[in-house]
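To keep things clear, I will list the structure first and then write my remarks on it.
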């Protein structure tokens, strides 16, 4: 419950922080951190233009996208108090629900019959396929490490003993940050700010969405950011009481957002062709984490 | 005594068939022969193992094959009647008479040869079968038929010379034993006195000689041409009872060998020949384009399997006898059905046929079932015997041979299948005119259904007496 | 009762077939459907009875060839009976509509229906019979009748070719089974399945493994495990849609049934079996989906997905075996349970997908995805049903595909608690495989659905789409309903699954209830969660509807970056959609590509084609076959028509048989002499 | 005495290998018939007279009169060209036949069996194989028949070897003769005359796969 509210809260300012960081980094003052939310509200008020090629799919997809992310958030715990729903192997559910949303958004892109959006859809499909293993192996290594198989039980019993385990935690954080970046198709795999459709992924998929739908989609990606931020924060919260954990959560979220901003302002986008191997690196890294976990548990022989 | 009566009757019928010009009387005579044959079979079945004329002894193997012969002769005679009636424009009374006379002679010669207990007598009847078969093969008086019969006769002449030489060697090996009664029983009785060297030679020669009839490597060649050129009903005879004749000959001599130290040697010889036969049939089944020859080659494959079972011993011998009887039931079904195929397409090349299912439903089903039987797929009868043969190979540790055979069989099924399904289902060639296709009554296929059903029944739910007979026949082999 | 069940059951089918000559085509069709319905009802009643009151069995006294023929209906059989019956029911129903197009081919249809009824009867009998020889017989009846059913459109050359390929491969399959049963028969002298148990428990483990391998190869050909899968992608496109659906839904599942049955019988070192099956299955799954993506023939694509799903089922089975080996009950339950559940689920959504493919085929008269597009507007029912099927096969909640995959995932993650390093690695391997499969399936079906049903038509052919008749869709709706129900209330199947999985544990171990309860709890929560998901989506959509209905809406052409002409040719095609994937996976696959480069200022019309080809097929089928043909053709000189040669064969044979031993003997003497030097 | 006859038979084989006209072959066949006639008389000492007469009659009538005459008749009737048309030069044939005889001697020498007269065995074997060689090496169908008849003679010699103990076998040999002559010549050659004028193997090797 608490985590749900926190994530919603975080989702309001997260993108603002990112934008602010970027503008500061580029020497401007930049808009207030709630500006993106205001944009979204504006979008929600607008009317919309539909392509005559599109079908019902195009209208359902944004909603399904949003609801899938919301459902996913329901499972994210906050330290030692669980999310709305928690059961063994819920992170499998988590991944697949998100995948559902992705499926819908991809086919809605194909629904317009535009070649740009087809391009974006194909990339989105491939990259999300490449990301999945990293996530699963990461959760697998947590399951291995803690001996539990649900978000809540894992994070509530997660504690670092030796140095190597700290190292693992750091690696996990790194991987998660990157997963979040890819899932939201930000730098370095995708640059939302570029205006060359041929090089975009996510933005190009929603070229034809407008008004309310566009608002939903954009807000959904903010939510996603916040959600990943929440999960990352869970790495550190552990069993701390609220009066420490909640500030810690916010700190993590801010840190995450700033990190995103910094990365986006100081890094160049990869060439499309190089993205797959970059993304696959994550899987290899999470493999390392897995073996590390084995090492810690002394099951390595 | 009854045998003499039978043979004289047969000769009389043949004679009158040749000289009588009246169609109706001819058919009457053929019918008469049919009843005679059945009577003969029944009589022999009733006094089994009684020596007649000191040369004939209907032992269980002979009885089994004789009964199978009776069972298939009736439909074959009927279908040859249909054959002669239905489509031979250039059929003269003389040729008709000759055809039936030869057929009667062939059937009865085979039937009596099964019963003979004396190698020389068997040999004589083998000569007779060659004589009559050649007439059948040459029934259509054209150059190809001539070639077929020429090859058949010449190869058979050579092969019976082999058998004769084999008999001479056998006599040499008997000389040492000091016995001059050449009946199988007496030879088997004092197998321990035989001179092994001559026995070895004689087995080799007799085996090689009989392969011409049995359709086994090395002398299988002419038989294929014969079955191709002979009219389909005659082909059915050549492919079933004549092969059985070869089997009887080899079986009886092999029975002697099994009692001597040469047993394993004989097995090796047989296995070599059998494997080569299966191989040869695989070679041609995968590329053959002539339906009739394809049936002939599948016969070669089956004989190879039978011989493998024989050589493997154990349950294999039982399986071999069962297999050859089932084959006797199944193969004629294919050849008889071939008649209808020819009526439809007027051609035996696989390129000119197609979509048989459309033109003749019942016949197509027969082909389908017969294909399943001839490739020994499980619902069919031959599967059981083949299964037992494999089992015997497995038991006697011929694993490599078993694997080879299985691979070859798969190839054979592939070739056979692609031809059969081309015939049944693929669209018929543009060139053939659909108007000329005759309406074929389903009853034409009735007998084939009976034969196939009989094969299945005999395999899966054999009557007790049948099993006993086979087991008794197996006893010849120690 | 069970005695009469078997006899009565088959009797109905036979009577129906016999009655065919007395009816017209329409009557025959109705009879077929009616008979299937009746038989389905009977068998389902028996199956439920079994689940309620435990296994039943009856033994016929066979002939001395077969030995006694026991028929045993235990939970496993009952489960498969239910799965098969359901698919056959929908298949027959759908087929009745599908075949209307061909109603003038009277005889052909009669044959087809006969084969169909035979197929159902034999396939049910396979689940019951427990005698090796009889099993072989029924098995081959099944194979042959399915062959006949497949080659319905036999006026096409490739159909016949595919059919014969199918026939030969199923014959190879039966050869393996024959060898296996022969082995047992020779050693124990009995065809009864119980003999297998007796034999393998007496012998050392290696014997059991060897025997199992024979069985496994046999069943794997039928089930379509890589590398025995090559017949599937050929047979499915050749067959009529309902047959493809049934074939992919249940016929290949008979292989799975066989494997599960044999695992129940054979007593041997389950650990190594588990590793073996796991490895094969992961390879199967990944390979299947990898090839599925590059297919542009819809039915072929679906066929490769069947291979992938067989892989998933196999992972479950392997997990179960490992569970047996390391005697961890939770693994056994999750593994076998997941496998069984996925068998059911796959039979549902795969048949649904094939039925939709059939409708698409009858509307567009092509299976080539590249030619399609925008069908959702013409045949919306088909489209949305296909969408449901796609979501389910990708294993996305709230549909049934997810439930079974979740089941298996639970097992895999639970297994990580083990202390055996090798085991953990295997699990990691399996998890990776499963995840990759999921991701690739997502690509594949976004492509399939998106390209076929969305956007605009990609070829300029004008097709007149007749109105969809709602009645024809009834069977499809049933299947879709099943998919949804299992997705939302998986827990209703749990008792049956637990019953079956307990058959695998030896009677000595007492099932630990908490493990089961936790699993049941998971299932329920999954169900609730999915329900909530649907509810939330619906709610949000409702809100959206209310809000946007008050806003201004304008309909425009798709944004074309300034280009205003006909953009339908510029759309992303199936092959361009998977281009980047193809670049990644190209090295594993065998994709023949012929492209023309555009050249000059005003380039001519150019085109590029990609023909995916199956590497395994190339290695295991084409090349060996080619070599064998070459080898055999060396020997065609034998029957050369030259009589002198024929005579020589005889003499040569005799000469060799006489001389070779002599020569060998002399050589032996010579070598002995050498040795003495 | 008997040995002389048998050796003479072997000589005829050599001659046959180099003969180039069909009529020469026929004459040789006639001669062989006479040799066998003598051999029969000399060998089958303890066979009852009637049977002996029968056998000798057969040798004379069939082997040396009827068959050769009939074949020359056929040659005339079908206008078969007189040359034998071998595939190999005569010298090679001579060499091969010699080798055959030598091999036969060697082979028989390896047999250790008292109750077989080696001479018969050698001559029979070499005759049979020469016959085979004739069949294989000559082109015409009629030479095949001649070769077959030579094989028959060889077999007959072999049967003589056991004739005293089992006259029945000799009778069987006679049956074989009659059968072959009747079948191959009687029924058959007229037909070949009817259907094809110049009976040549090339015309009869079209049945193949």
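Just so it is clear, A, B, C and D label the chains in written order, and each chain counts residues from 1 on its own.
To be clear about the criterion, a residue touches a chain if its C-beta (ideal position, glycine included) is under 8 Å from a C-beta of that chain, and two chains touch if they have at least 3 such contacts.
Being a predicted model, the structure only gives us computed values, none of them experimental.
**Q** Which chain pair is joined by more contacting C-beta pairs, A-C or B-D?
**A** A-C
**Q** Compute the distance, rounded to whole Å, between the mean C-alpha positions of chain A and chain D.
**A** Computed from C-alpha means, the inter-chain centre distance equals 100 Å.
**Q** Just how far, in Å, is the C-alpha centre of chain D from the one of chain B?
**A** 32
**Q** What is the distance in Å between the mean C-alpha positions of chain A and chain C?
**A** Using C-alpha averages as centres, the distance is 36 Å.
**Q** How big is the gap, in whole Å, between where the Cα atoms of chain C centre and where those of chain D centre?
**A** The separation of the two C-alpha centroids amounts to 69 Å.
**Q** Two or more other chains in contact with one residue: find those residues in chain D.
**A** Within chain D, residues 144, 204-207, 209 contact more than one other chain.
**Q** Where in chain A do residues touch two or more of the other chains?
**A** none
**Q** For chain B, which residues are shared contacts with two or more other chains?
**A** Residues 150-151, 154, 158, 284, 287.
**Q** Which chains touch which?
**A** A-C, B-C, B-D, C-D
**Q** Going by the contact rule set out above, which residues of chain B touch chain C in the complex?
**A** 150-151, 154-155, 158-159, 162, 201, 204-205, 208, 211, 217-219, 221-222, 224, 269, 272-273, 279-280, 282-284, 286-287, 355, 357-358, 361, 372, 377-379, 383-384, 387, 390-391, 394-395, 406, 410-411, 413-414, 417-418, 421-422, 425-427, 459-462, 467
**Q** If you look only at chain A, which of its residues touch chain C in the complex?
**A** Chain A reaches chain C through residues 44, 46-55, 57, 59-60, 62-64, 66-68, 70-71, 74, 85, 87-89, 92-93, 96-97, 99-100, 102-103, 106-107, 110-119, 121-123, 125-126, 128-130, 132-133, 136-137, 140, 143-144, 147, 149, 197, 207-208, 211-212, 216, 272, 276, 290, 294, 299-301.
**Q** Flag every residue of chain D that touches chain C in the complex, lowest number first.
**A** Listed in rising order, the residues of chain D that touch chain C are 132, 135-136, 144, 201, 204-209.
**Q** Quick check on the complex: what are the chain B residues that touch chain D?
**A** 120, 123-124, 127, 130-131, 134-135, 138, 141-144, 146-151, 153-154, 157-158, 160-161, 164-165, 167-168, 171-172, 175-176, 180, 182, 195, 197-198, 225, 228-229, 284, 287-288, 290, 293
**Q** Would you mind writing out the residues of chain C in touch with chain A in their complex?
**A** 373-374, 376-377, 387, 391, 394-397, 402, 405-406, 409-410, 413-414, 416-417, 419, 421, 424, 428, 431-432, 435-436, 438-440, 442-443, 445-447, 449-451, 454-456, 518, 521-522, 525-526, 528-529, 532-533, 536-537, 540-541, 544, 547-548, 551-561, 567-568, 570-572, 576-581, 584
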